[in-house]
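Both of the next two complexes hold chain A, though its partner changes from chain B to chain C.
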Partner chain A sequence: MKKILVVEDDMPIRNLYKEELIDEGYDVVTAPDGVAGYELYRKEMPDLITIDIKMPNMNGLELLDKIRKEDKDIPIIIYSAYGEFTQNFSTWAADEYLVKSSDLTEFKNKVRELLFKK
Partner chain B sequence: MPEYRKDIILDEWVIVATERAKRPENFREEKIKVEKKPDAVCPFDSGNEQMTPPEVLRVDKDGNDVNEGSPWQIRVVPNKFPALIPNAAHLSMQYGIYMFMDGFGIHEVIIHSPEHITNISELSALQIRLLVEVYIKRLLEIKKDTRIESVIIMLNQGKEAGASLEHSHSQIFALPLNPPALMKEIYGTKRYFDQTKRCAMCDIINFELSEKKRLIFECSEFIIVQPYASRNPFETWIVPKRHCSNIENISSAEKDSFAHCLGMVVDFFYEELSEPAFNYYIHTGPLQDNVGSHYHWHFELIPKFSIKAGFEIATGIDICITTPEFTAEFMNKSGIFK
Partner chain C sequence: MTIEEQIKNYEHILRQYNIINQISRTVATTLDLNRILRIILTGVTFGDGFGFNRALLFLLDRGAKTLSGRMAIGPSSGEEAWTVWSEIQQSNYSLEEYLNSDKFDIQHKTSALDEQIKNIHIPIIPGKILSSCLEDGIPRNVDISGNYDNADPEKISDSSILETELLTYLDYPKFCVIPLISRAKKVGVLVVDNKFNQREITPDDINFLLMLSQFAASSIRNTIIYNDLKDSLAALGKLNNKLEFLKEYNEKIIESIPVSIIVMDHDFRVTLCNSNGEKLMGSAKENIVGKQIKKGLIFIDELDLFDEAARVMEEKRAEGFYKANIIMGNHERSDIFDITLVPFKFSEDTPEGVVIIIEDVTKTVTLEQSLMEAKRLSELGRLSATVAHEIRNPLIAIGGYANRTKKKYTENGRVNSEDLDIIIGEVARLEKIVNEILDYAAERKVEYKEIDIGKVLQECISLADTAAEQKKINISIECGGIFIENRKIIINGSADKLKQAFINVFNNAIEASETRDTVSICVQFEEDGDGKYIIVKVNNRAYLGSEEDIHSIFLPFYTTKSRGSGLGLTITKRIIEQHSGVIYVVSNIEIGTTFTIKLPLIRF
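And then the complex of A and B:
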């Protein structure tokens, strides 16, 4: 079973993603900020990571950089409420940048697509 | 006494603070250096090519187009997460009293070097020449899409100028319309031409060459000048002497000279003003029609030394806190422009 790490500071949203991805047949672990996300990444060795940008302690861009230093291949999706960070070229270190939506279809499709490519 | 000065192209006034003019050398103290992050993962570095979309152009150090996987000097890639979509429909539609169209356009990133250089002035003269060649090459290619009306080639140097990644890069935006900043210049030069039967920029070149107060450099193809109605301290223009509305029509010798001028200008800001943030851009005429035949393409560099405050925003009149004569003299003394 493929394992997904969801790093998201908003608890209801984090739980929603977890439930939706479990329904899709994935094993899901979650973290509420970048620091905890990095620890879980090291411990759990997930197959894919989704990262929010605006988070306490360590933001999503810092976490992205930290993980990419160790692993250039692991699929990473930035899933943010803010579209403006697409103009920040440091987000190019991620495989995909999606703007949050109440409809998770695109998000789940992208997860499936990136895991298939892996 | 401060002066109102009129921009003869835009037909707009600026205020130049002649009496309380800040001495040019004092701008060194306001340096805003890019915070270098040498250990950060950079999608533009050699070895990280897989982090960018497939390139539209890869050239080697000799300027040859080369295939993916070959050693490169400059890569051009589409924006990975674009705000404008090349395959969107280009149709304008009415919505009540308003008008809208799909976000059609092209946005490409030109990566200047495989090495992690953070300032364009770190490029050699040959690399700058190659960059100019790539600018023209991409412009000519983009122009083939007849839906594209205008192309803006630009660079953000430094975080305060909007650079989100320190690795030196330029950007190309191709739009299905002529942006307001360009249209204002096109209307302005047309108005000037209708009144005088002369090109405004050609008149500026002739006047600046005769007066020499704001002239920084002259060669057979270009001048470098501080504009008379300067909106910003050290605002710098590179202007071709040959009247030509579009940069893609420049000759090989003009490309050599333009690259030489560009290299000197960015070197000056790096060496003499302690690496300030700046934006530069090339304003070239519309691609698909002759509306700009009276237009004269040019390059503008705007350093980030001042912030527009309430007065500038409310009135549209910029206040320049030093005079272009002062800054031109300072630039001439640097010994860089030769």
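And then the complex of A and C:
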């Protein structure tokens, strides 16, 4: 079973992503900020990571940078409520950039695609 | 003396009188000082006249401290002397003919002798020859050649009393100094010599030179006085022109400046009205100037211009009305004016009048308004962008869970109550954000009345206690608790608003604290020259994190919490400021974060 790490500070959204991904048949671990996210990444060795950008302590872009320095291949989806982050080339290190939506279809499709490619 | 000798002598005297006569006639034709001087000096040197080789003129300066070389006539060398003489002799002119001829005008224009003398300035030193000659009015005949064989006791031979500047310049030991004095007024000195033909200067020569000198001195003096007078008149004329110009200039300025100027005297009679004033009053200048401004005629907003002008005259103090309306008769103008009344005195012996300056500021005011509107709109734009982001997270959660619920219901006809709880919770969160935005955006005025701030604080503290208990956080009243329990602390303000402000600060401190931390509240009183104040300090142990966070904490939609509108402290700050208070924050690792609120009191 593929394991996915969800790093998201907003609790209801974190739960929503977790439950939707569990329904899809994945094993899901979650973290509320970048610092906790990095610890779980080291501990749980996930197959894919999804990261929110705006978070307390360590933000999504910092976490993305930190993980990429250790692992160039792990699929990472970065998402945010802010569309303008695509302009920020820090986000290019991610495999996908998505704008947050209540419709998770695209998100789930991307997760499936990236895991299949791997 | 033989008859022949006597006749010869008379002829000589007659000729010299004749020369003086000719000189005086020619001098009378001009008022040009240089020309007069030249005529005199030419007369002295002319072969047919006195026939001196050289003649120099020094004039006393205005301050009577220096004799300055003014003009010299004569050749600068023997050779030149010969040429000049022969030329004049050939022409066979009489002195008067020569003086009136073109030749006179052409000659002497640039002679070396004349050029050099202009650089000679001899100070008046008593005892020296030029000075003493001018002092006693007696001519001096000088001979310092040291030729004692034909030494003449009448002549001065002591070279120590001679001005060296003069000796160097003359370069000849025999000369004569004639004072030029007119009616006891010293004018200057005339110096003559015979350097080139070396003829001795005789007492006869000196007598005639003295006769000439009196006439010369008075014409020189009169001409100088005349020229001075002419200069003064010219200067006066210029001054007059300048005054005229200034008057015109001022009038033009008053006419052209884009404000209305109306001047009235102490009798409320208009003495001046510029063209803008005409337009404003809606009548021609002729109908305004000279008329009295009466009570009940012109109003600035509700104030009668007459009363205001009277007050300005009495108090001798300017008065300004900004963005005011002018009402004349029944006619209220839609324009907006800045009006200034200034007390004004025409002269020492007239009573105070008033200058009324009226500036149409309609355009400025309109511009200000549109600028404010633009600013408000741009702020609104920025706010809406931030608001949109703030409500996006709850919307995504609501939408996501609604989709999930529908999917589950479709799959197995069941609804997960936990999912619905999340939807309900997120809707509550949205409501809270929307309420805060409405609160923030509302320009509701605070209804001020006297309230007991102690009671308000106690209510807020007990609410904070309940909230803190849930998070297992301890609230401690560090100081001042006894005050708010036992005394009435009266403030002018709104109890509801202040309650909101304090709860925001307390909740903020609780939410930022870790479990089992302490939030401490300290109430103090302060008094200074301006009044009494209540100071409330709220401290928690959490450090805000960075300078930037400390600076931005009161900005709208700025939040370090993952859940919050970012408006709480912004609203708090506004409420405190509406109550003429201040709020500020200090944060560092040692003490954590302390919010301080200071509010002015009516009494306690």
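Keep this in mind: the second predicted complex is superposed on the first by the 118 of 118 C-alpha atoms of A that agree within 3 Å, B and C clash if a C-alpha of one lies under 4 Å from a C-alpha of the other, contacts with A are read in each partner's own complex, and residues count from 1 in each chain.
Going forward, contacts are C-beta pairs under 8 Å (C-beta built on N, C-alpha and C of every residue); 3 or more make two chains touch, one makes a residue touch a chain.
Fair warning: this is a prediction, and the values are worked out from it, not measured in the lab.
A.B. asks: A:16 in the overlay: touching chain B, chain C, both, or neither? Say first, second, both or neither.
C.D. replies: In the superposition, A:16 touches chain C alone.
A.B. asks: Should A:115 be classified as contacting the first partner (chain B), the second (chain C), both, or neither?
C.D. replies: After superposing on A, A:115 lies clear of both chain B and chain C.
A.B. asks: I'd like to know which partner A:56 touches here: chain B for first, chain C for second, both or neither.
C.D. replies: second
A.B. asks: Which partner, chain B or chain C, touches the larger number of chain A residues?
C.D. replies: C
A.B. asks: Once chain A of both complexes is superposed, is A:93 in touch with chain B (first), chain C (second), both, or neither?
C.D. replies: In the superposed model, A:93 contacts chain B only, not chain C.
A.B. asks: Quick one: is A:68 in contact with chain B, with chain C, with both, or with neither? Answer first, second, both or neither.
C.D. replies: Once the two structures are laid over each other on A, A:68 reaches chain B alone.
A.B. asks: Name the residues of chain A shared by its contacts with chain B and its contacts with chain C.
C.D. replies: None.
A.B. asks: Can you tell me which positions in chain A touch chain B when the two form their complex?
C.D. replies: 65, 68-69, 72, 86-93, 97
A.B. asks: Using the touch definition from the top, list the residues of chain C that touch chain A in their complex.
C.D. replies: Interface residues on the chain C side: 389, 392-404, 422, 425-426, 560-563.
A.B. asks: Which bits of chain B are touching chain A when the two form their complex?
C.D. replies: 39-41, 43-44, 48, 50-52, 80-83, 109, 164-165, 169
A.B. asks: Quick one: which bits of chain A touch chain C in the complex? Just the residue numbers, please.
C.D. replies: Residues 9-10, 12-13, 15-16, 19-20, 32, 55-56, 81-82, 100-104.
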